[in-house]
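What follows is a single structure, and I will ask about it in a moment.
Chain IDs A, B and C follow the sequence of writing; residue 1 opens each chain.
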Amino acid sequence: MNALAVSDLKRSFGGIRAVAGVSFNVAVKEIVGIIGPNGSGKSTLFNLLSGTIPPSSGAISLLGRDVTHQPAYRIARQGLGRTFQIPTPFINMTVRENLLAAAVEGEWRSARSRAEEVLDALEIGHIADDLAATLSGGQQRLLEFGRIQMRDPQIILLDEVTAGVNPRLRQIILARVRDLRQKGKTFLVIEHDMELVRTICERIIVMDAGEIVFEGTFEEVARNERVVDAYLGRPET
Amino acid sequence: MVRVAMQLLVQTVIDGLLVGGLYVAISIGFSLAFGVLDVVDFAVGEWVMLGAFAGVASQAWLGIDPIAFLPAVFVIFALIGLLVAPLIYRVRTSRYARPALMALAFTFGIAMFARGVMLTSVGFDPRTVETHLVGGTMMIGGIHIPWLRLAGFIFAIVSTALFMGFLFFTRTGLAVRATAQNKRNASLMGIDVKRLSGLVYAIYAGLTAMAGVLIGAIYSFTAQVGPQYSLLAFFVVVMAGLGSVGGVLVAGLFLGMLQALVTVYVGADYTLAIVFGVLFLILLVSPQGVLRRGLAA
Amino acid sequence: MMVQEVKPKRSAALSALSLIVIIAFLATLPLWTDDYWVRIWTGVAMWAGLAASWNIIGGYAGYISFGQVAFFGIGAYATAILMQPGLDWNFFLTLPVGAVVAGVFALIVGWPTLRLRGAYFAIATWALAEALTQIVNTVDFTGGSFGLSTPGNAETGFFYYAMLIASAAIYLIVFLLLERSRFGYKVKAVRDNEAAAQSLGINTTSVKLQAFVLSAALPAVLGGIDAYWITFINPQSVLAGDITDQMVVMSLVGGLGHLWGPAIGATVLYLSSTWLNAHFGSSTGYIAMIGALLALIVLFLPDGLVGFLPRARNMRLVRQMLRLPERPAGAAGPSADTSGDRP
């Protein structure tokens, strides 16, 4: 059983085909990276996977269950967590309240202690009572990550989670990703940071104009002429 | 008997279409203002009301026939709109949790303010706009067509056409359409969104006030009539789909007919309830508007 | 670390003390003032409760309703109708009936509209109130535009305590459900960022619907008490748009999404309007005034009067509006992407 199985997924907006027939699988415990130029449909793909927008056609299954057309909250409850490209903290609530709001249904009594755990793991205990609106961009991304951790999802979608984050916070995030991977979580990661992609992704999917143009390891991708020309650029020597 | 019944039906439909034209005039500006400013202007009915009173004032104070005064009405209210728009824009772009709803509340406030001021100054008495330039009734095959209503309809069509012409054939109009589609990109392309919003709102206010003069000539009105017309404008725009200008024509005429049919066949007292009922059904079934061109969620 | 260090123990003691003083004041009022003032404070209590219930859907959930008066009116008419000669229900039993009917209406109207953008909801609730007014005006069993009477056989003091207890209950409910429970977190999350809330497993439509139904049932109870109190109701007195307007303004003036905001706003505005009425006797002028006030508050004082309370500063909606110094610990403005928020 695959963690995620996508079959001929399509999504159009008016005349624009944002996702034009995408199929791929993600095995349990894999970390797969998704790269590609802006506008290639990566974020739309994430929106489709998380149920934020419905597909025009195609199928998505999560841990063997068909979740096509299910609303986002149901997919989240079935074990999918995601971050957003632009951080989306609950700005009028404190960091701790943000975490509490993310608690799993039916586990309210343990939510407080779980929130403390997350605060410690992400080393943000010192800003726990600050309004989310006053956090820096990097801290907000950390908070988003923390919110997901509250729910302990099986599959995690990270959308440029380290963009604009200072090196120290980046380290924290990466360390947590590795921890979670050890515990058996599956990751699907959109990234522009090739260093990151090289170090943590086992497999990479390259998207362009709404389609998958290549799949392989980082080395294979880096060698592929088409990908390099369109997107990666040649290394400076 | 059937002949009489048919005649009544045709008469009713014609009446409805004629007044529907005016609803279109109100709603076009309103829909576009929504598209560019991203705010539902709860004061749309008050613009109508104020326009109607301006029509009364032009005759009573200036001795000018209201129809002749229409251009002046446009200018006056466009100027007022130009003053109000920056405030709405400011609220709309502030750092609230939900700035769009705050802007909506703002327009609600100025609507209340306008209503309160008018009620205090002119009281509750119903009035009509008296015009001598247009009067009398035309008869076609047994159907009565009052010239005034026809004039209103023609006005509505002409002003809508002019407005559409402005939107589709001028550079500024292009800028307006671009902004309505995507504000962020529009400003990135060098379009001054704030100034454009002011322009659109001004045109909308002027247009709606002019429509108010004509509505006031056809129907009697009071200072409290605002909310009624706001409801009608909302209905038209929801049915066409918030943000869609094209469907407003169809929706406005439809509303006029619906209202006329309900008044004649059910009873004037039930029009509001039925309009609401239909509005509600539309939201239930097809929130992007019956013509599926608007933005639902 | 924080700019304003307010020692938690002292502020808790202070607020507990002020609460006790206020409660003592309100609870003993009829014992030391005359009927005139008791009636005024009954009005204050009612409006405080009305504003608080609006605040649930408007402030906590962030969906502005312009038709809350419909629920107030439903409660009023439920009580009035059931107390008519021939039916003669016990007053207290009529209150839950009104609440349930109002809740059902909220469910019916809310279900299709809360899925959509806030603007549709605002329009739909507003249209509901207008339509309801017209129906009530036309239909017989509501007395049409002539209205209904209720038996006038209770004392001023009775109504005062009834209103006070009902309002206090409302505040308690708001406190328990929206400030201290899981539900409150969900509601606020939905308000702050619906997409994020959904991605965290929150059924946002259901949450909004629950908040709306709650915000409808509560004013219905106040409406029922009001109907009994003023002994005569008609659409103008219990279904007028001005009533919703006042609920909105009171909450905004006091402080949106804050527990005590509505109470503060209601007290200030109601007492002002009573004073104005006594000295200038114009009620249409009052309409103009609250309209202007609403516009001004939205422009300049979005946090309401609550923004001036020192303790409340930590919980404010928008820091920038009051131009307070930035917090030192890693602070760098919020990422306010307003283009993403649609009405």
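Just so we're on the same page, a contact is a pair of C-beta atoms (placed from the backbone, for glycine too) under 8 Å apart; a residue touches a chain by one contact, two chains touch by 3 or more.
Computed from a prediction, not measured in an experiment: that's the story for all the values here.
Chemist: Which chains share more C-beta contacts than any other pair?
Modeler: That would be the chain pair B-C.
Chemist: Name the most central chain, where centre means the mean of Cα atoms.
Modeler: C
Chemist: I'd like the Å distance between the centres of chain A and chain C, where a centre is the mean of that chain's Cα atoms.
Modeler: 40
Chemist: Using the average of all C-alpha atoms in each chain as its centre, how far is it in Å between chain A and chain B?
Modeler: Each chain reduced to its C-alpha mean, chain A and chain B end up 46 Å apart.
Chemist: Quick one: chain B and chain C, Cα centre-to-centre, how many Å?
Modeler: So the centre of chain B lies 31 Å away from the centre of chain C.
Chemist: Multi-chain contacts only, two chains or more: what residues does chain B have there?
Modeler: Those would be 97.
Chemist: If you look at chain C, which of its residues touch at least two other chains?
Modeler: Each of 191-192, 257, 317, 334, 336 in chain C touches at least two other chains.
Chemist: Provide the list of chain A residues touching at least two other chains, using ranges where the numbers run on.
Modeler: 91-92
Chemist: Across the complex, what residues on chain B touch chain C?
Modeler: Those in contact with chain C are residues 34, 38-40, 42, 87, 90-106, 108-117, 119-120, 183-184, 227-228, 231, 234-235, 238, 242, 267, 269-273, 275-277, 279-280, 283-284, 287, 295-297.
Chemist: Any idea which chain A residues touch chain C in the complex?
Modeler: Those residues of chain A that touch chain C are 50-52, 71-73, 76-77, 81-82, 84, 86-93, 97, 100-105, 108, 111, 126-127, 129-137, 139-140, 144, 147-148, 150-151.
Chemist: Under the touch definition given earlier, write down the residues of chain C that touch chain B in their complex.
Modeler: That would be residues 62-64, 66, 109, 112-113, 115-120, 122-124, 126-128, 130-131, 133-135, 137-138, 191-192, 241, 245, 248-249, 252, 257, 282, 284-296, 298-299, 302, 317-318, 320-321, 334, 336, 338-339, 341-343 of chain C.
Chemist: Mind pulling up the chain C residues that touch chain A in the complex?
Modeler: Contacts found on chain C: 1-2, 182, 185-186, 188-189, 191-193, 195-204, 257, 314, 317, 319, 326-327, 329-337, 340.
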